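Quick heads-up: structures coming right below.
The following pair of complexes shares a single chain, chain A, combined with chain B in the former and chain C in the latter.
This part shows the complex of A and B:
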């Protein structure tokens, strides 16, 4: 669809609004009144809320134009339902994190202006990652996300753990970015173009060798594997997640990962695969060159989930436990990637959307407990089910959903993933994944057990209530509703995910000459 | 969506709201608040069903409301939609109307209980589930309601769970019902297999399709070793569904849970175990009547099981001394009569009995509750007597209920029972199917005679004669509050009047009720339906005999228990043979004991063996070994993560090399 510059820009309203908010936050932080407690937080949250609204409106706009996609900036950026889905997910995450963080005292005292500035920049980074279709744009988008993330991880400047997390994140991130950039440079060198479609076309025309391209994509996979914390590039995750401010951890484990998956899918499915029927990305996909890379991803998925689940087994710190759990979940989500069928991609999208709510919810529980004066060790959760009944119930629901038990959202997500695997001949993979889920039950339930079966009050009067306050209560509820609702009535989300894959996924066979 | 369908959509959810309010905020609402919310929810649902009923009655067309697409996976498409047609509108009115009265009654009956909000939350949840059951426009939604009412029944029977016996009764009801539900679920699967749909309308429409008809009538081997039994698919489906009905509607062989279910609060017995839930099996058969009539063997089994249950349960009711147990067996017996009618194709006759029975049996239970309430929990008929003057309102209303159930004209039970008996005897009286008609007719008439007898026995023992309980208890007995007597009065009025809705043609009535249901239930066998029109003489003769039987049974009971209270004991003493028969009846034919020996103990033994050998020895060991391995690996994985960036770098490098190595050597070599 060719549109004028102004009409094109209207599809970028979310990004523009985000940037405006960013500017306003900085201006308010520097030039605003001294006594402006919470004002910045409110501004940022309002901006994010408005952005979210614009994302939804743009989504609708695309839907009314069925299968519409809009290429921008010399075809280096695309606005399509696929990218909008990820923007929606990331927008929800950022919005929720902004609201959480507003009540975290330590963030306030450290300078909330900086926190929200950084948060908004990372969000912008993810929005870019969702839509980028060009190698250079990809680097810019990823670094827009990464660099502020490093600072956010170390946001508690005087906290040793936080500083350590930041440092490790930078070191590991730099290494991963380095290998990715190396790979990208070669991709350009081999194909003579920076556009995803261009590379694909170069392979098709025989100008570039598939094997070399695959090899370089392997290097890129290292960088993206780091972003989504896939094994063996996950080592940073537990340390960074444990040390970072919990709000940041929640963000890194949800929105940031979603961005990584968005670009992973688009890059690989643009270059190394094509839909069997060009207009039907929701159907079967044909690998270009050797299909062996799907096996490699399958192995990575298995190793990732197994390491995540097994290492979570013996953790004593809830944040660290959730860090391993999020590694394991990256493994589950990767399963959809190897199927080479629209149903696998749809399952990934569905899973990411549900995962975001349950994982955010679980981290929110940790924040709420520590803000109410509790700790982050599992032992600090003793009797919590009795001391804070609503929080206990929510946490239990989130953990059971993460395990994948019905009737919760996580169960439905796993059903879609496993069904896609089984339908397309990956039975062994689904068996391994199911066994992994069984293992994960152990450590999730251990937390629930600590909350409910330990420290049971003898008499009703013995309960020392832990008051989490209405702010966190409402936010917990907001996470709880989709976690339960999508376990009972998931049709709308499933349709949205299917449509987002079907209408857009990566790239349609577009005449390459158009942008030469 | 017009007003009626908007109201229809609201009806079940009002009860759900009541459940949520009481369930979540019960502690804050307190006793009175909880009761008020519960009763209000029930009454509101009744008020909202009035416009729906008005619409259905005035147009004769179904009111539908399509809420959302519930399941949409491959070719399984199920809507969350409600359908209120000629059949379900009657159930809707019974459930919300009688339900509201019983809610009101409960507010008085349970006033002294410690956990009123919990009680009302269960009761509202029951109403919600029951409404899903009757209003759902497809079998899957019915199944949700079916399971929901089962759950509520379990929760309410074991409402006073501190008493282990009551908790046991709840478990028994639940487990026995699971067996039936298993059959029901099998039936559902098979229906989906054939029709690829759960919609009533689709199913009914597709029954005309010759392909589907052929498939349903095709026979298959049952696969029982050494016996060559063939069965048509429709027969298997309907039998499986009927197994579900025997569970929920307490028929042989699954009736055993209902008498024990009397452990629950009395209003629960009235609502769930008399008026509504236990009739859902009959509702289901009527709903799928067009399918059932395709399987004549199933119909005969239904008639036979119904007739046998009617007599068998009536016999047991004779020898019970617990006032609620008598009523429980009476319910089983009356449900048997309804199935007898269904099995002979009298769908409207059976369903009319559902309708009248809902009134007088709820009335009798509530009356019994009023007696129990007045005597502070006394349930033994042998310690009652002479309550007539103490509880005048209760006595008057219970008298009406008793007369109605005994089948004395012109009370409601007479008309509905007469219709059933005509159906049973029809084969014999018209000479169409003499043996069949004779057996079923005798079963039906004998059950009716017994009904008249045991009900008047109950009434006499409780209200007439001299007080046999302690003088103190008798003098403390007082009439119940208005919340309890008002429902009794309303139900008594209905028990008198409801029968006139279906005065048979033979009595120059217009059989409104049968005509009303005619478009929605199957007419089968066609000859029988036609025969009724031309055999008015025989029908009137049968009616006369039935009336005489009813009077005879009632009079006999009055004579024995008023004039010769010692007679039964005397007879038993004089004739040891009769004594033994009495003992067998009193001990309920040892069915519970037999089930215990044949089913429960072997199952327990098997379970124990499996537990020791399979679970503890094999599975636990395997799991423990697996857990041990997991723990060892987990420890290793944890060690790997030593926090030193150097180690991470090494792993990063190793990972990168493996990855690139794979591309180079595995893919490159290929």
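This part shows the complex of A and C:
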């Protein structure tokens, strides 16, 4: 369906609102009153909240009008439930991070205006990543996420760790982007078009060779693997996650990853696969030409989760531990990718949505502790369960959910993933993944043990309470609710994920002219 | 005739690229990069994209390279700053990586002719046609790039500015990765 420019814009309200907000943040930062403590943060959070609202409204509009998808800008951008799902996830993350960061003193002293502007730009990047169906738009969207992220990682300028994180991130990121661009250039050369549908059509019509295209997509996979920190492109993750400001780490491990998964699914499923029945993307998918890329991704997933879980064992820093845990989780999420069935995609979406809350929550606990005067080493968490009972309880819940224990959201997510694997003949993969989950229990529980079984106060009067403040308390609660709720009553989220895959999912091949 | 020019320019581009990565002194590297930019611009000219070729010369060989040179001169690197020889396993690994990459691309190229390419529109590669493509088909990426550049400018400010008047608050008990080096 082709629309004019003005109709196009009405489907881009979330993106436009984001851009307007970031303009307003800059204007307020430059021209606002001198004594405006926290005003910028509030403006940014309000803008993100409004954006979130628009995302939900657009989501509903797509549902009520029964329009599975709307193509914009000469088919280079699509608004469909699949992209709206990722926009929702990323929007929630950014909104939460904006609220966390408002109370982090160090960000305030380093310049709130810059922090929130860059945060909003990264969010815009993820929103675009969720919807692009064109190689050019894809590169621009990914860079719109990456470049501000590099700066945010080094936001604490006088901190050696933060500067190191920024430098490492930018160097690894440049290499990954470089190889990705190389692959994209050859994709264009091989198919003569930059649109995903066009490339798919070129393969279908025999103009382009599947094996060559797959090789080049392998190069693209390096760039995207870097974004989701899949092995062997995960090397940067621990150092960057540990050194960056914790609010930024939380962002990189949730929203940024969600964006990476969105574009990964869209790109590969649009070009190298098609639904068995064109109108039913929630059913079986058939690989085109099948050069064995599902096996490749399966191997990557296994290596990723194993490396993440094994390396997390000996960590003494909570952020570093969570970094390895997030590598492992990238591996779990990739499992849904190899299934080649709508149920696998749905499991990925479900898992990403639940993972975001538990991971944000875990990082929020780290922020709250360090803002209250504690540290980031596991030993700093000694006796925390007694000193700050609510925080201790939340942290324990998030960690158990990350492990995948019932009755928490992480458990349901894993069940969906493993069920999809077993159902479609990937039994060995689900066994490996289950073993990995069991292994991960050890290091998550170690933190919980440190919080509750070490430094137990002898008498009730000995407890030195750690006050985290009502702001962080409320936000912890906001993360805790979905973590528990989706473990008990997950059907609505599951239905949303299913619908997001079913109503749209990746673009099927449509006859598109090779040159526009 | 066209082939002869293509061979010449691509040879120069490879030579420039090789010199860029192989020179020890960053100054020579940057100057070799200029050879590369010039040669690529020549290739673009052959591919009937004169506008892009000119932009390549002006923006890359002109503006960006001068910026590189300025930065190198301002940093005033000495010989010992440029880092020693890499250990041989790393060099070997990098060599293997490059060889694999080359093999992949060569395999893709040899398997299949690239899409036979010819200018499909009158005036292809002219400023008018480039502008039309940019503002019609690729208007979204084009607009987003402007936000991206804004963010990059902001990032430069963040990295460069000094809080002389506002000292940082004392570090909170061991907060945020003071020991980051691993």
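Remarks
Throughout what follows, the second predicted complex is superposed on the first by the 506 of 516 C-alpha atoms of A that agree within 3 Å, B and C clash if a C-alpha of one lies under 4 Å from a C-alpha of the other, contacts with A are read in each partner's own complex, and residues count from 1 in each chain.
What we mean here is this: a residue touches a chain if its C-beta (ideal position, glycine included) is under 8 Å from a C-beta of that chain, and two chains touch if they have at least 3 such contacts.
Worth saying up front: this structure is predicted, and the values here are computed from it rather than measured.
Once the two complexes are overlaid on the shared chain, A:239 sits against chain B and chain C alike. By the touch criterion stated above, A:310 is placed in contact with chain B alone, chain C being left untouched. Legend: residue contacts after superposition of the two complexes on their common chain; A:80 is shown touching neither chain B nor chain C. Of the two partner chains placed by superposition, A:112 touches none, neither chain B nor chain C. Between chain B and chain C, C touches the greater number of residues of chain A. Judged by the touch definition given at the top, the superposed model places A:218 against both chain B and chain C. Of the two partner chains, neither chain B nor chain C is touched by A:282. When the two structures are aligned on the shared chain, A:171 is found in touch with chain B, with no touch to chain C. In the superposition on chain A, A:491 makes contact with chain B only, while chain C stays out of contact range. On chain A, the surface touched by chain B in one complex and the surface touched by chain C in the other have residues 179, 211, 215, 218-219, 238-239 in common. Remark: chain A residues 168, 171-172, 175-176, 179, 211, 214-215, 218-219, 221-222, 231-233, 235-236, 238-239, 290, 292-293, 296, 307, 310-315, 439, 442, 489, 491 touch chain B in the complex.
On the chain B side of its complex with chain A, the touching residues are 68-72, 627, 630-631, 633-635, 637-638, 641, 643, 645, 647-649, 651-652, 654-656, 658-660, 662-664, 666-668, 670.
Of all residues in chain A, only 19, 22, 26, 72-74, 76-77, 105-106, 109-111, 114, 117-118, 121, 124, 128, 134, 136-137, 139-141, 143-144, 147-148, 150-151, 154-162, 164-165, 179, 186, 189-192, 202, 207-209, 211-212, 215-216, 218-219, 238-239, 242-246, 317, 319, 370-371, 373-377, 380, 514-516 touch chain C in the complex they form. Residues of chain C that touch chain A in their complex: 101, 104-105, 107-109, 111-112, 114-115, 117, 120, 136-141, 144-145, 147-148, 150-152, 154-155, 157-159, 161, 163, 166, 168-169, 172-182.
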